[in-house]
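Structures incoming, each one as structure tokens.
What follows is a pair of complexes built around chain A, which joins chain B in one and chain C in the other.
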Partner chain A sequence: MDDAHRRDMGAAIHEIGGGRWLGAAPPLTVAAFVVPIAAGLAGTLLPAFGYLPAIGSARLSLEPWRLLAEYPGLRSSIVLTLTTGVAATLLSLLLAVGFCAQVSGRPWAQRASAALAPLLATPHSALAIGVAFLLLPSGWIVRALSPWLTGWTLPPDLATVGDPRGIALVVGLVLKEVPYLILMISGALNQVPSAPQIAVARALGYNRIAAWLKVVLPQVYPQIRLPVYAVLAFSLSVVDVALILGPGNPPTLAVLAVRWFSDADIHFYFPAAAAATLLGGLVLVAIAAWHGGEQLVAAWGRRWLAVGRRDGLANRLTAGAGAAAIASFAFAALALAGLALWSFATQWRFPAAWPDGLDLANWARRLDGLARPAAITLAIGAAATIIALILVIACLENESRRPRPVGRAALWLLYLPLLVPQVAFLFGAQVLLIRFSADGLFASVVWAHLIFVLPYLFLSLADPWRALDPRYARTAACLGASPARVFFRVKLPLLLKPVLLACAVAFAVSAGQYLPTLFAGNGRVATLTTEAVTLAAGADRRVIGAYALVQALLPMLVWLAAVLVPWFLYARRRGIGRA
Partner chain B sequence: MSAPLRLDRVRIALADRILVPALDLAIAPGECVTVMGPSGSGKSTLLAYLCGMLDPIFEASGRVFIGEREITGVAPEHRRVGILFQDDLLFPHLSVGGNLGFALSARVRDPAERRKRIEQALVEADLAGFGDRDPHTLSGGQRARVSLMRTLLAEPSALLLDEPFNKLDAKLRDEFRRFVFEHAAQRGLPMLLVTHDFADAAAAGGRVAELPG
Partner chain C sequence: MIIPGLRSLLFAAVFAVACDAGAQVIDWNATLAKARGQTVNWNAWAGDEKTNAFIAWVGDEVNRRHGVKINHVKLKDTAEAVTRVVAEKAAGRNADGTVDLMWINGPNFLAMKQQGLLFGPFATALPNFRYVDTTNRQSNVVDFTVPVDGYESPWRTAQIVFVYDSKRIAAPPRSVPELLEWSRRNPGRVTHPNVRNFLGSTFLKQALYELAADPAVLQQPATDANFEAVTAPMWAWYDALKPLLWRGGRQFPENGPAQRQLLNDGEIDMMISFNPSEAAVSIASGLLPDTVRTFVFSKGTIGNTSFVGIPYNAANKEGAMVVADFLLEPATQAVAQDFRQMGNFSVLDLAKLSPGDRKRFDDLPRSAALPTNAELGRVLLEPHPSWMTRIAATWEQRYTK
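Now for the complex of A and B:
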């Protein structure tokens, strides 16, 4: 290396100077979620094989598995877990694809997807409670049809919620996962030059839906593969929605594990850990099987594409799925409306289709109880979001200052918290927290939320951050601006809109967390979500409605603020936020 | 005050491909040298090297001076090398005046003085009273003029031109060329223009160097 060359290396380092600490951001960020997951998994795996010195069992054995196998409902529980998880994922994907094919090429397609944001922000459990209020034998649907159509003057003796096959559970999951997958597909569509390709296909005689299905979808699917796996893993291992809508005896495997973990008799820890480990294995197998299924569908699909059929069953099926997706949004809106109606009802006798009256009395009684969990939800969400935001921006800044290709491995790593079942590592993490007397601390709950907030915030912000024209920063530097000034005066303001939206996503993720709050808080940190899920087992729908409604509204309000702030701030700047 | 821009054996390579062969060049104050080459020939890469923004995947060597001051290892914000790109790159979140204020040194503390300097720049750009306007509402030619005034307000010692006339239509292009060359010559700035358009080189009127491409 000659002198001049060495000097140039110096120049390159100088350029990134003042931000040397940025290099620490990626490892720190990864450690923030990988360390607790790895430690937690180990802390679940060991008790699953009998090793838990904290309660005096220091020898490895298969006893936990024997206890698990002795549970009479185990087989049904496994079947239930697999059928509901796979059915929810398949249906969600079908509806999301149907919707995207249906709206493709429409001028309002972008806005239609954006309109789903409030639904995306709603916590799973709040929506699940709304769904229960609709579907229950004494729910709104039966009331609306009784007695004039059904003849019922008393709620029928039907298991419409908590049905042994888990149909209500699947419905609850699909309502939330369809908008999520639509969002993921919309994001992937930005990477595929779909408009000219659809134009070509249509000129070849394929209609709008067929063109999307046969030309765009095969290119989009590889990009949404990881989100689909995340949906599959989530559906197989969800706890809060399964507690509200799923069957109780036997419950899904995840609920079974949590039930045993929470048992007063600490010896239930062992079969609980075995059940959580089994669930982890089931998720792995399910993802592997799904991956195999993809290969089969792809092989068959290639032949199907080459046949050259312009119309067929697939078109009608897709159109039907699109219509079903729209119906699912309406159903979700109705579910949320039902929550609101119950919370304002003076009294609502069966089988009346509408409450006797509406007033604020219920709310006046609930305000005191709601204030504290609402404040805690806000505080935890704000703390987790701010920490995650700093880490994520530091990672992205580091990446833009020393560009290096981002490998696929990094993406899989980011998805780790979304692919590993929560029960499988949260229990182990809780044991560790108890060991260090850190359970029930505000900070522990924030960290537990951070595990899930970080990937979502990163995934929301990375694309807009990378898409910013690097010449803005170069221009600013050539005008004499230091790296810090370039960052705070140029990059951050230019990216304000995506930054705030990513924060809104992060807050919604935090606000919706049930199991991490429960386990890291050891039951002592009560958020709106833990309160609502606990109350959901009770009978007073006016109380439940009020809690679930506030739980649903809080993330929506944060999202609204994230939209309105740049709108007001840049009201006179038309060149921003449109590009 | 004004001094020549001097390149001493500046060589840039990407893997095995040599983009800029050892280039020696001295550009006098007020002179404009044109470097020509087809797209992908590394013209913009040369300018990125000169303002200290070269992507580390390139291998570069050679020294750069402005007068007696060597700027080779200096951070971009301390080089005092102004650059104009094909796009005006006005910051969309700032007003026209805000864009100019961003460039004006913070050493000019007095707010009245700052306002005066900004307004003066606007007058020179034939845009008096445009300070509070949203850049988005300006025409292409107006935006281009603001971007030059922004660059000049940072008081550069040399001006790099990265095909800044390319996206303008024919009439505006002539006007803006004259505007840039006049203002830079007035201030005695050495200019380095990269382009693939012969008309640009002709308008610059100076020496022409070719990159192999």
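Now for the complex of A and C:
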């Protein structure tokens, strides 16, 4: 069937089915997050130039920028932000690529990636707290080795966490971003016929890793480019992880902005808004620079491919990166285990390697306080996921009924919420919500979550949806099924597994949101994450451990459900649900 | 929109007429009647579990007695609530605001009072205000040198103490210069919270009090003319101390609880605290070893009072006042002072209480880690907030690179 035919058929289906409302889906989806972000950016940009009538400043000026420039640590803060953000992204990409190069094509690759689910589901802040407990001079690692090996009866006075260069911060970020990038690469691999290509390359004498690097990676990278930019933007502007693991004097720019936004002196809004704006600019510059770097690497890579060496440093480096990735999973697992242990501990002092005692008293005390935020987290996550799912499926269905390639612009728009630093638009968005008296409502929080859930859900679902063989739908249509019937009886069952997995990703994203919940909920909607971050200030690891566990457990259960439901439903139809 | 706005405007107007510099009158029965059924959004820092539990208990009690519910809006920093009220004012919501009651004092109070963001005066008209200690505890009526004027109502007191591990320190330093001497012998074993945190700047203020030639000037706003000269001895002392602090004075715990974690982990030997019961409370909840004890500097330490304030646009002002009044009740204050509950010394003047109420305080449990009133020594008044602001800014100028 040629293109013209396909278009005709698409148009025909479009006319038959309830396709009219489907056409509204893409603009609606874009509006759901572009409007608040645009309004929010304006609400941050104006105070950055001195305009905030609420506190008596109704004139544009450069005063906020002067105040920002006067901050003595500004230079170090910018350098710190850029180095940690770029280093975390580079390392995460390297480790993810190394891991994928090593496992690709092995029979257990699929299961290995699935095993990363718990790590993906764990919120950043929870993992960061666990990492801090491992790395501290009074942390678990030193405790395990003291005093019998180190001779330390008191913790050494070393800055292993919150070090001025931000090394602990980079470690904390890498642990979370590697699994995410691996997931993205696995998704992209579905679009690349990698197995036969690798077979050819190996027949030509390249080993498994070299084959993957030289043949598969160049096809995969363009597809994960946007997720990599998102990781870069996130690492540059992260707040909670930087608060826990990053240095405090000076802190990263994002922490500086949040610190000033919440300063007792409300006039700190102005430099705070300027700092948030500067951060937005830095993210743009960093992404542009990364893009430039891609061109250089590509030019060098072409020569490297042409030389055709069968072995070399790259192979060994990649193998090392793969091993480092596996070590990072083990480290993250240990961090979570430490938190879990704390939640049952009675007392646990340096240098004891193990708690003095374990009991359920802590959990018994927490249970009351945990139930309500857990229920709210579940409700918000479910609502945001379902709305996002309907919008995304409507967009994809609209696209498949009138085939027209999605422009790059549309994809960029989808990534907007992930590329713009949260601190740069959330304050402005809060003012917008208050103006419409919509702050503190359950619905507003769902909407705020939707902004971040939508892009992740779209990115998780778009590829499998587009990859579905169109002949299934055509066959059903030829047999007289209406588009709606085709959708519900053919497409949805075939795509059930990716749909549910995308929902699990979306739910995990929702469950981990801190700043959006705080701003849109006006502090009145308490989720597990807002409770956990607030309690983290209280620094009782037993409490933090309990909250972090439940915080991680909830998305994991959703994940498990997403895996088990198709397994039960299709237990007797092996071919289906494998998409 | 007009009706509720008008109502609170009238309400405020009635107060303005009735209130003549501290002599306010509230029709308390009418307030109780209006308050019934309201849900008070109490914005309070929630980093302390004991306080959270206390607030929950207060919620149960006022609901049982007056039909007023409390929704504890948990904050990481009080300034978040200030931000919210500012944002509401920015959006033109001058009535029906979302913050009904907030835990507030010092710089936040000054900022909100100056910006006209507080409802009042109401505090001195609360029925239980008659028990408040307004003579010996000046901080109940002068908040960081700013006259309270009935714009906030006291509910708990704070005083600087130091908590130390008696297993590691036999004789703790009893003055600011002695602390420096002690640190020379024990480098890396003491720290203070980040100077952007109130406890961190308080550490420096305490030193300023002892080292300034004439501490009386601290009760006036700091000026460009006097700031440098007054603080010079303090900076000289701190320059000597800083390299002897934990992590060589290059890193600081973010806040008080983070600092307590360091003491519990054995990374430091003593810490500054704003709660005289901190040691006793923390031992009871397993957050510190049972060998910790409390001491203060012999020349006295800074003390202040925590208040609750009502934003100008609060939707449930009556309910908020009922809660503020309940917090001042002798029985409530006795519960608050019990270190097994919250462990905050009372704002009341025990001499003003009935013998029965006084007994509630006499019967409170004791602990070796709990200082007596005599041991707490002299309470010094908080300096004007401008000193704190300038010290924090100057600290950043001097030590942030």
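One rule holds for everything that comes next: the second predicted complex is superposed on the first by the 541 of 579 C-alpha atoms of A that agree within 3 Å, B and C clash if a C-alpha of one lies under 4 Å from a C-alpha of the other, contacts with A are read in each partner's own complex, and residues count from 1 in each chain.
Throughout what follows, contacts are C-beta pairs under 8 Å (C-beta built on N, C-alpha and C of every residue); 3 or more make two chains touch, one makes a residue touch a chain.
Everything numeric in this text was worked out from a predicted model, so none of it was measured.
In the superposition on chain A, A:27 makes contact with neither chain B nor chain C. Legend: residue contacts after superposition of the two complexes on their common chain; A:543 is shown touching chain C, with no touch to chain B. By the touch criterion defined above, A:474 lies against chain B but remains apart from chain C after alignment on the C-alpha atoms of chain A. Once the two complexes are overlaid on the shared chain, A:147 sits clear of chain B and of chain C alike.
For chain A, the partner with contacts to more residues, out of chain B and chain C, is C. In the superposition on chain A, A:138 makes contact with chain C only, while chain B stays out of contact range.
Of the two partner chains, neither chain B nor chain C is touched by A:357.
No residue of chain A touches both chain B in one complex and chain C in the other. Touching chain C in their complex are the following residues of chain A: 52-56, 71-73, 76, 136-138, 154-155, 157, 159, 162, 164, 243, 247-250, 259, 261-266, 269, 346-347, 349-351, 427, 430-431, 434-435, 437, 439-440, 518, 522-524, 526, 530-531, 533-535, 537-543.
Residues of chain C touching chain A in their complex: 41, 43, 46-49, 71, 73-84, 86-93, 96, 98, 106-108, 111, 115, 188, 194, 196, 246-248, 250-252, 254-255, 257-258, 260-262, 264-267, 285-287, 289, 389, 396-397, 399-401.
Interface of chain B with chain A (complex): residues 9, 48, 51-57, 59-63, 72-83, 85, 87, 89-95, 102-103, 105, 134-137, 150-151, 154, 156. Contact residues on chain A toward chain B in their complex (touch as defined above): 2, 4-5, 7-8, 10-12, 14-15, 17, 402-403, 469, 471-472, 474-483, 486, 489-490, 493-494, 496, 570, 572-576, 579.
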